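Okay, got some structures for you below.
In the two complexes that follow, chain A is the common piece, with chain B as its partner first and chain C second.
Here is the complex of A and B:
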C-alpha cells in the first residue's frame, strides 16, 4: 500500500526488483530480495528492520557504494547511471549520507573549517570572497545550534558525539543534496540529544524540501519522524504505507511483533511472548 | 515493613585526572532499595550513572577513589574495606555487576563453563568440578538458556545470547543486589526483551533480591523497574515511583527527559519533541548553586547562588530544585 498523501509529487528515487546477492553457487546469500520502492520529493521515508534484515545493504546500493545484482534504481525518473567515476560524482551531488558512528565519519587530520570549506568549494563556491564563505559557514553552524566562532581551529574529535553528528548535518545544509540518506544517525547518541538531531532532519525536509531516507531499528523513532514507513524482513519489504497506517494498524505478523517488542508507556508490555 | 537490601548514605567518589584535578562524578548520593524491588537510574551520557554503579560495588581502583559515605548491603557495611576483602567476600555473593558491553567481557579463548568455574572457585577454592558443572547446568536450564552453550566459546554465541550468558554467570552465587549497567543498549528490540524477561524471572525466583537498572531509555525503565531516579551532573535530582516519574515529573530536567520519549503509540507524532538546550557543567569546577541552572528556563538568580538540598514531598518522592512543587506544577500547567 502506498502513502496517498505523496502520490502527486514527482518521484525522486525509485527502484524495481532491486536485488543484492553476496557470494555465488551454493554459498549465495541474498541480502536484498527483489524490492520495489518509490520515494517522492520532500518525503521522509523510514526503512525499519532488525539487525541482519538488509537495511544497510539496501542503503549502500542506493548510495552507489555497492553494485546492484539485479533490478534497476531510478533517480528522478531516469535510470541511474554510475558506470564511471565522473558519473558517480555527478550522482553524489544529488545524494548524501549521514552514518551511525559520528566518530569515524570525519577525517581526523582535517580541521572543522576545512570540512565545511570543502563543502562550499564542492558546490562551486571556490571563487567566492573569504567573507562570504565565512558567512555561509556561520549560517550552516547556526542552523545546527553550533557556534562557528568556537569551532574554528578545532578538530572533530574535540567535540562530543552529538555535536559531531550536528556538524554532519551542517555539511548537508551546505551541500543541499536532493536526497539525504540517514543510516541510524541517532543510535549512538543518548535520548536527550536525539530530539535535537531529529528536529534538524525535519527542518531540512520542511525548509529545503529534501527527500530523507531514514534507516533505523527503532520503530518508535520511525513513527515520530516519518511520512512513510517500509518494514523490512529478510531482505524483503513486508509492509509499507503512511506511518499512521503501518504503526497503528499493522497487517504483517513481523510488524506486529516488532511493535510488541518495544516497551511502551500507555500500554502494558507483554513479556510472555518472548522467543 | 520489607527488609532494606541496599542502603547508601551520602556516597561521594572522585576521579583524579592526569593533571591531579579532582572530578566528583558521584556527589553525595543517597538511596535505599527494599527486598524484591528494583530501582532505575536515568540520565544523559556523562552524568555519572556508570560511575555510581562502579562505586556501589565498593571495589575501587585508580583513577576512581572513595571519598566518604557508606554502603550497607543487607545490614553489612562494605564502605572503606580494602579491595582484596571486597573481591573475596562481597563481589559475586553480596553484589554483582553486569557491564555495559557484556559481549566483549568474555575471553574468546575460554569456554563458557570455565567462566562459571572461575566465579565459584574465587569464593570456594576447593569446589568440586563435577558439582560446579551440575550447578551451572541446572541454572542455565532454569533460566531458559541452552545447556550446550556451556561448552561453547564466546564467539559462537549471538550478541543477545552472550549478554544473557554473562547475566547467568554473574548471578550464579545468588548475589543480593544486581547492578545492570545498560544491559540491553547494544541489542535490537527482540533480544532486549529476552534479556529483560530473564532479569524479571531471576527476581521472581529469588536468585537476586534487589536490582539497580541503569539506562537512558526511559520507556524501558518505566516497564522494568518499580522506582526511577534521575541523575544530573553527579547528583540525584529527583526520585519517585516509575508511574509518578513518567506522568508527573517535577524537576525541570526530569521533565525534559520525559519529553524526549519516543514510543510507537498514537499521539507520539503530534507531540513535539523538546530537547534540553546546552551541555552539562564541567565537574572539575561544578557551579556553586543548582547544577542545572545554566540550562533551566525557570532558573532565577537565587538558583545560581544557593546550593540545593534534596527535598521530600508526597510521601515517597524527593527532588532537588529551588522552586516549590506547587509553583512548578502551576508553571507546567500554564505551558500546556
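Here is the complex of A and C:
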C-alpha cells in the first residue's frame, strides 16, 4: 500500500525488482531480493529492518556504489544511467549520503577543509575566490552549529563523533542534492547529539526540499520522523505505506514483532525477554 | 602523524636497527675519504696476506736507527720464530724419542732447553719419514742461526769489480721508529686471493650491495604496489588477470627464475644494476598479494565511498584515500624487500651468476671469490667472515627496523 499523501508528487527515485546477490554457486547470498519502491520528491522515507536485512546493500545500490544484480532503478522517472564517470558524477550531484559510522567516513589524512572544499568544487565553485569559498564553508558550518574558524586546518580525529556527523550534514548543505540517503546516521552517537542531528536533517529538508531516505533499525524513530515507511526482512519489503498506516496498523508479523520490541517508557521493562 | 614518528623513534627495536644501519652508512661514506683509491686494486702479489700492519723492510733499513738493549729481545725473537706447529712437531719428536715433557709447550725457554739437550740430527726415530727428519734439521738450523748471529751483513754488488761489498750491518739491538718508516701499510683485514685490501673492498662492496638492495626493493615494491592496488581496487576481470600473472610468478620459485634470467643474460651484460633489476622483477609477488588484500578491505570503507560520491577520479581515490592508509605497510614491505634483495644478490653471486666481476665488488662476489680460492679451508677467515658478518648485520638492522615499525603500526603486536 502506498502513502496516498505523496502519490501526486513527481517520482524521485524508484525501483522494479531490484536484487543483489553476493557470490555465486552454492555460496550465493541474496542480500536484496526483488524489491519495488517509489520515493517521491520531498518525501521522508524510512527503511526499517533488523541487522543483516539488506538495508545498507540496498542503499549502496541506490547510490550507484554497488552494481545491481537484477532489476532496474529509475531516477526522476527515467532509467538511471551511470555507465561512465561523467554520468556518475552527474548522478551524484542529485543523490548524496551520510553514513553510519562518522569515524570511518572521513579520510584521516585530509584536513576538514578538504571535505568541504570538495563539495564546493563539485557544485562548480572551483574557480570562486578564496574568500567566497570560506564564506560558503562558514555558512555551512554555522548551519550545523559548528564554527568554521575553529575547525579549519584540523583533522577529523580531532572532532567528536557528533561533530563529525554534523560536518557530514554541512557537506549536504553545500551540495544541496535532490535525494539524501542517510544510513543509520545516528546509531553511533549518543542520544543527546542524536536529537540535534535529526533536527538538523529535518531542517535541511525543509530548507532545500530534498527527499530523505532514512535507513534505521529503530521503528520508533522511523515513526517519529517519516512520511512513509518500508519494512525490510531478509532482503524483501514485507510492508510499506504511510508511517501511521504501517505502525499503528501493522499487517505483517515481522512488523508487529519489530513494534513490540520497542521498549515503552511508561511500561516497566520485562528483563526476562531482553537479550 | 608527528605522534607516530615520535613513537617510531622511541621504539627500542627500531632505534637499534636504525643506529646500526646509520653507522654502516656513515662508514661507507667516510672510510673512502681516509683510504681513497680503487677497491679492486691488487696491492699484494701473494694471496691472503694476514691482517696486520705491514712495514716496508727496505724503508726500515734506510731509516735512522736507535740502539735499544732489551733484556727479553732474544726470548721474544725465538718465541715468535717458533710457531705453534713447530712446537707441536717438537713435542712429537720428544714423544718419538720417549722423552717425557712435563711442561706446557708454550713455555719457550723450557722447550728450547729440552731441545738443545736432546736433539741430535743423527738419530733416526723409528718410523719417521725422511721428509719429517729433514724438517727437524731445518728447524734446528733456524734456531741455531737465530741464537748465533748478532748481526746481519748488508752487501751490494760493486759496479766496477762486480764483487760483493759490505755496505752495512743490522744489529740485533738496532731499532727504527715505525712512525719514521716511509711506508707502513695497515691492512686491518689483510688481503684476499688477488692481493686486494679486504677492508677497502668490503666497504665498497657493502655500498654496492646496499644499492642493489635498494634498486631491487624499489622495483619490487613499485611493481607489487601497482599490481596490488589495481587488482584490489578494481576487482573483477582486472583482479583476475593480475592475480593470474602473480600466481604464475609465485608458482615458479623466485630464485629459480632469478637463476634462469641471470644465466640467460650472460656474464657480460650483468652489471650490478641489471642484477638488481632482475632481482626486483622476480620478487614483487608477495608485495602485490599483501597490498591487494589490504586494499580489498579498504575499498569498501565509507571514506572511499564518500570520495566516490564527491566525484573523485580513480587515480585520486587510489592516491589519497587508499595509498596513505597502506603507506606504513608499504614502507615495511620495502625494507624487507631491500633486505632480501641483498641476500638474493649474495646467493646469486655465490653461484657465479652475480654481477660481472671486473667492475665493482659486491658482498656476494667477495663470498664467491673467497669460496673459489678455498679461503674457508686454508684458514683465511678474514676473506669471508667479515663479509658474512656485514650481510648479517645489514639484514639484522633492516629486520629490526621492520619489527619496530610493525609494533608501532600494529599495536596488538607490542610486547
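The rule we apply is simple: the second predicted complex is superposed on the first by the 265 of 275 C-alpha atoms of A that agree within 3 Å, B and C clash if a C-alpha of one lies under 4 Å from a C-alpha of the other, contacts with A are read in each partner's own complex, and residues count from 1 in each chain.
Everything below uses one rule, namely that a contact is a pair of C-beta atoms (placed from the backbone, for glycine too) under 8 Å apart; a residue touches a chain by one contact, two chains touch by 3 or more.
All values reported here derive from a predicted model rather than from experimental measurement.
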Task: Fit or clash - chain C, chain B, common chain A - done: fit
Open item on the list: Quick check for you: in the superposed arrangement, does A:204 touch first (chain B), second (chain C), both or neither?
Closed with: neither
- [ ] Between chain B and chain C, pick out the one touching the greater number of residues of chain A.
- [x] B
TODO: Look at A:122 in the shared chain and tell me whether it touches chain B only, chain C only, both, or neither; answer first, second, both or neither.
DONE: second
Open item on the list: Let me test your reading of the model: by the given contact rule, A:231 touches which partner, first (chain B), second (chain C), both or neither?
Closed with: neither
TODO: Using the superposition on chain A described above, determine whether A:105 touches chain B (first), chain C (second), both, or neither.
DONE: second
TODO: Could you tell me if A:243 is touching chain B, chain C, both of them or neither one (first, second, both, neither)?
DONE: first
- [ ] Calculate the angle at chain A, using C-alpha centres, between the directions toward chain B and chain C; round to the nearest 10 degrees.
- [x] 80
Task: Overlay on chain A, chain C to chain B nearest C-alpha distance, Å - done: 14
- [ ] Would you tell me the residues on chain A in contact with chain B in one complex that are also in contact with chain C in the other?
- [x] none
Task: chain A-facing residues of chain B, complex - done: 44-45, 144, 188-190, 192-194, 196-197, 200, 216-220, 222-224, 246, 256-257, 259-266, 268-269, 273-277, 279
Task: Touch list for chain A against partner chain C, complex - done: 60, 63, 65, 85, 88-89, 92, 96-97, 99-101, 104-110, 115, 118-119, 122
Open item on the list: If we count contacts the way the header does, which residues on chain A are in touch with chain B in the complex?
Closed with: 50-51, 145, 160-161, 190-196, 198-199, 217-224, 243-244, 247-248, 257-259, 261-267, 269, 271, 274-275
- [ ] Quick one: which bits of chain C touch chain A in the complex? Just the residue numbers, please.
- [x] 301-303, 305-313, 320-321, 324-325
